[in-house]
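Below you'll find a set of structures to go through.
Two complexes follow with subunit A in common, the first pairing it with subunit B and the second with subunit C.
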Partner chain A sequence: MSLLLLTKLAWRNLWRNYRRTLIMLAAIILGVWAMIMMNALMRGMVDGMLDSGLKYLPGHAQLHHPAYRDDPGVAHSLEALSAPLQEALADRDILGWSARVKVPAMISSERDSRGVVLLGVDPMQELSIGFAETDLVQGRFLESATDPSVVVGEAMLKRLETRLGRRIVLSSQTVGNEVGERGFPIVGVYRASLPSLEETLVYAGREVVQGMLGMGGAVSEVAILGPDYRRLEPWFGRVAAAVDEGMVLEGWRELDEYLALSLSIQGGAGIVLIVVIFLALSFGLVNTMAMAVFERVREMGLLLALGMPPHAMLYQVLLEALFLLLLGLLAGNLLGWLSLQPLLSGIDLSALAEAAELSGMGATLYPNLRGVDMLRATLIVIFLGLAASLIPAWRAARLDPVTSMNEY
Partner chain B sequence: MTIAVKILLSIALFHAAPVTAAEPMDARQLVQAAMDHWRGESSSLENTMTIHRPTWERSLSMVGWTTGDETSLMRVTAPSRDAGNSTLLKDGQLWSYHPGINRIIKVPASMMEQSWMGSDFSNRDIGRSTDIVHQYSHRLLSEYERDGHTVHVVEATPLEHAPVVWGREVLHIRDDHILLEHQFLDQEDVLVKTMRTLRVEQKSGRSVATVMRMSKAGNAEEWTELDIHRIDFDVELPASLFTLSNLRNPRR
Partner chain C sequence: MTFLNNLKRSGAICGLAWRNLWRNPQRTWLTVGAMIFSNVLLVAMITLQLGMYDTMIETSLKTMSGHLQVQKKGYQDEPRMRDGFAGVARLSRELRRELGLKTISARAEGFGLASSAERSIGIRIMGVEPEAEPRVSSLPGMLGEGRWLKGMEAEEIVLGASLARNLKVSVGDVVTFLGTARDGSMAAAVVTVVGILETGIGDVDRSLAQLPLGYFQTVFGMPDQAHRLVIQLTALDQVEPARQLLRETLAQRPELAVLDWDALQPGLRQGIEADFVSAWFLYGILILLVSLSVLNTQLMSVLERTREFGVMLALGMAPGRLARLIMLESVCMVLLGLALGVLGGGLVAACLAHWGFSVPGMEEAMARFNLPGRIYPPLSLPGLMIGPLALCAGAVLASAYPALRLYWLRPLAAMRSR
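On to the complex of A and B.
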């Protein structure tokens, strides 16, 4: 029997009970739509976490004193970078790097004082690895590593009840275990994706901070930005080979394990989601196909008696299921794509901002619809759908022509 | 706590030597001279600190000893819940001992910002009294007469990169070097808090500011008062007094 004939038969059979078919289609469409939406939202969520995570980590890899991450103080600093290391950092695959002082400090105004992370940076280097002039909402960024002023976050400005142009005092532990402190005028105010970052990071000129803390030319870390966070090689290996004694080079996956975990969970979770939704669908699908077979037992017996081979019967039922699935997938994907269009400009989560921030997400969620997600959902649904339809199809193929024609 | 001793003394002892006002001093000298008076002095004192809030008030009694420029020990004696809490200032470092946890803690930079024992004094306000000389520029604003004394009003403005949050401070210094009033203004030139001397008494043959009150501007119900009951100057103090060992195990 030709495939064309089977196709024709299957298609017509599908519309013999069009109500049932439409109901099943609706279920598949809804299920596929849910898969697409959830995947896009989840990917958007993780993208948001990665964006702000890597921007403020910052970079894709960092050099530290081996003990710095356990005890981030001035005692665990890196002395001046050796010439081979500087050469390795000039690698053509490295987009930028920044040698920064990063120590816990206190910031105080007339009204309040808070704990912060004081960053002593060279503004040129810092702009090459993450900080953007567009992050500034007031004033300017630092002008040089010797700029004796600070740039603070907008939320911090509110906390301190101060404003642009006013002086704040920063204090931190010096190399000699004493209190190093200094007044700094606020020359710039930045906005970050997370308010907690705005309240944490304070930027000041690197050499000014080094002077205040008696560090000489030492820095706390070197942050390195590559072209793609997914692939640190080949530059990572070249820098690792040039690392000076008493330094460790770590990629962002080691530096922010939560972020790395979120990213790796995302792929798996997407598949789990698709399978769970499909499992709910499959009961309806199996039931629909079983009913379609059950209704036509007599007719199928006749076809078999007329000489239709059982495997053709199997294909016919499977083709029915395939058409049902394909129609559902087509409409479901289309619906998913359409309903995401108005959301691509961002979903305002400000009502849930505090909860979102706990997982490192910003106040706006940008769904990320990827063709590969749609393809994955489609393939999984077709494959599992056909597998589920095998049972009724198998039963149809195994019908005995005589009993089926006599008993029904 | 030590810091409190310093502020007590920096204020109380302003007056300590009679002023030989042969020629009028400029604003900086007025402040400088006042600071110089208590340097090298040794003293022992008892005082009460009262913290007042709209809904509650509490008092702490303390004893303290100081010697030289930057060395002092302060110990709470009452109420019993706080008794034994002690602080030692020595070689520019601040150590704190709490009997409840039986630990000596080196007070870190971050705690310099905090309120001192819940009072309206912050450690920073009172911790480094000599800063008022070195980290500021000074200007004599005016003079007035009060109780037969001339009072100089000195404006102290922090230097550009001084670790000072205030916009400026205004000091009312009496001609016998008692600081009558110390106003803290923010960088918008709004008064934030004021310290006033409420009583000047003769103690150990000298006139001493014995009651001082720090109050927040615009909130009459929030203030902290320091009241010195007894103060003896030029006392013999053993060097062992100002040690970590004595901080933990009081022998005096």
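On to the complex of A and C.
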């Protein structure tokens, strides 16, 4: 029997009981729509976490003293970068890098004091790895590595009950194990995606901080930004090869395990969701196909008696299921795509700001609909759908012509 | 007599509905199977969720915040050194008497630079009542080394494990502390490390430093003052009555505010609500899918019997009674799915309650929310019933359409249909 004929038969059979087909179709469309929506929302959520996580980590990879991450202090700094390393950092695949001092410190205004992380940065380098002028809500960013002023977060300004132009005192441990102290005027105020960051990070000129802590030319870390966080190669390998002795290079997955975990869970959870929804669908699908076979036992018996090969019968039922699945997938994907369009400009989560902050997301959720997710859902549904329809199809192929023709 | 007759008749109708259900056992089982699958899933997931929320609330309230706190108005939003309140000792005595609770403890907080021989780190330091604090917080019970604070005026400190490691101190070492006192002058203290707390909660281990409240008050120049009065209750449902009582007791002190756990940890309830809502999206989809399945089955079963129904209508049976019969069939099927689903789901939930639930990597994720890596969700009636009952409602609603169709069935045409 030709495939064309089988196709035609399957298509016509599908519409013999149009009510049943339409209800099943509605179920498939609903299921596929939900798969697409949930995957896009989940991906958007993780994207949001990655965006703000990597912006303030910062970068996609960092160089440290081997003991720095365990005990972040001036004692574990990197001496001046060697020429080969500087060359490796000038790689054309690297978007930017920043050598920064990063130490725990205490900030005090005349009203209050707080524990913070003091960043000694070169503003040009810092702007190349993530900090943006648009993050500033008041004043200006630092002008150079020798700029003797600080930029603080908006939330910190409030905590310290101070304002732009006023002075604060920063104190931290020096290399000589004394307490280094220095007054700085506040020249800029920034806003971060998460208030907790605004209360933690204080930016000052690198050379000023190095002077205050007696570090010479040493820095705490070098943060490196590549073009894509998913793929650190090839630049990562080239930098790793040039790393000086007494330094370790780590990618963001090692630096922030929570972020890496979220990203890997998202992929797995997406598949689990698709399979769970499919399983709920599959009962209906098997039922529909079994009914379709059950109703037509007599004519199937007749066809078999007339010489239709059993495997053609199997294909015919499978084709019928395939049409049903394809129609549902097409409409479900389309519906998912359409219903995400108005949401792509962002879903406002500010009502849930504290919860969003707890999981590291910003206040706006941007759903991210990826072709890969649609394709994955489609393939899983087709594959599992055909597997589920095998049972009724198998039964149709094995019908005994004589008894089934006599079936009432 | 009529009552008995009615009972007999409805018994007979039920029997009829039940037998009709098994005219096509395969179809019925597949539909019931869809319900069982979804019900098991719903029961397991909802039980797990509820268990997780309880653990979340309990652990985070027991570690630090307590169920209720008395603070100066505005302190929660802008915790400032000078916003303490006076007469703490008398107030806590009074509240203990009024509420009949021992689990009340005062705390004061300040920032400063802690220095050991080798390191200086800016930290938040807390003054706590050595005797009362273990009653409101689980932290004192998590000593890794050394002992808990002794005596209100003792010059002692307990530190979180990571903080102690970063300062390079151990039990017996001396830590000096420089901060800003209440009046803006310099506050300085020299204290001996007597205990190191190993909580396993990253944030706490990194930042916790606690002094006896009396000594804290001396150092920071705030005699008989504190920033928080922490009240631990035995259950969440006592929060409202206790708050009411507190409000009355504190009527003469309008500068004080009573905050419940929701106000103290706003992220907690929001997180739970957000999680619950997003989970119900999936549950809603599952319920809809099963409802469509039931709709399909019942519609097919009605259509198959069109001739039969035509005959019955022609013989004078009221369409309403036929519709009720169809609904009864659906209800029978749905109840079967409910019973088996709750049974299966209950078994799964019981296993979860017994052996706990954990996925690889969950520990890191959970630590961020102050949760243990393995959750033991207790079996509960809401966890068992919420999901399956919602599914039942959806399924019965879906089968209304096939039943209603009987009202516009024309007996003659129906009898002639194939």
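The definition used in the following text is that the second predicted complex is superposed on the first by the 408 of 408 C-alpha atoms of A that agree within 3 Å, B and C clash if a C-alpha of one lies under 4 Å from a C-alpha of the other, contacts with A are read in each partner's own complex, and residues count from 1 in each chain.
As a working rule, contacts are C-beta pairs under 8 Å (C-beta built on N, C-alpha and C of every residue); 3 or more make two chains touch, one makes a residue touch a chain.
Note that this is a predicted model, so its numbers are computed, not measured.
After superposition on subunit A, the partners subunit B and subunit C collide with one another. Shared-chain residue A:Pro148: touches subunit B; no touch with subunit C. When both complexes are overlaid on chain A, the residue A:Ser171 reaches subunit B and subunit C alike. When the shared chain is aligned, no partner comes close enough to touch A:Asp228: not subunit B, not subunit C. Looking at the shared chain after the overlay, A:Met24 reaches subunit C, while subunit B stays out of its contact range.
Number of subunit A residues touched is higher for C, counting subunit B against subunit C.
Of the two partner chains, subunit B and subunit C are each touched by A:Ser108. In the superposition on chain A, no contact is made by A:Glu245 with either subunit B or subunit C.
Contact with subunit B, but none with subunit C, is seen for A:Thr162 once the two complexes are overlaid on the shared chain.
Once chain A of one complex is fitted onto chain A of the other, the partner contacts of A:Phe184 are limited to subunit B, with no touch recorded for subunit C. When the shared chain is aligned, subunit C comes close enough to touch A:Ser262, but subunit B does not.
Subunit C runs into subunit B after superposition on chain A, and of the options 6-14, 60-68, 114-122 or 150-158 the stretch responsible is 114-122. The contact surfaces that subunit B and subunit C form on subunit A in the two complexes overlap at residues 104-106, 108, 110-111, 113, 115, 171-173, 179. Remark: subunit B residues 92-93, 108-110, 112-114, 124, 158, 160-167, 184, 186-187, 192 touch subunit A in the complex.
The part of subunit A that touches subunit B in the complex is made up of residues 104-106, 108-111, 113, 115, 148, 162, 166-173, 178-185.
Residues of subunit C touching subunit A in their complex: 24, 26-27, 30-31, 33-34, 37-38, 41, 78, 80-81, 111-113, 115, 118-124, 165-166, 178-180, 184, 207, 266-267, 270-271, 273-274, 278, 281-282, 285-286, 288-290, 292-293, 295-297, 299-300, 303, 361, 364-365, 368-369. Residues of subunit A touching subunit C in their complex: 17, 19-20, 23-24, 26-27, 30-31, 34, 37-38, 41, 71-73, 104-108, 110-116, 158-159, 161, 171-173, 177, 179, 257-258, 261-262, 264-265, 273, 276-277, 279-281, 283-284, 286-288, 290-291, 294, 352-359.
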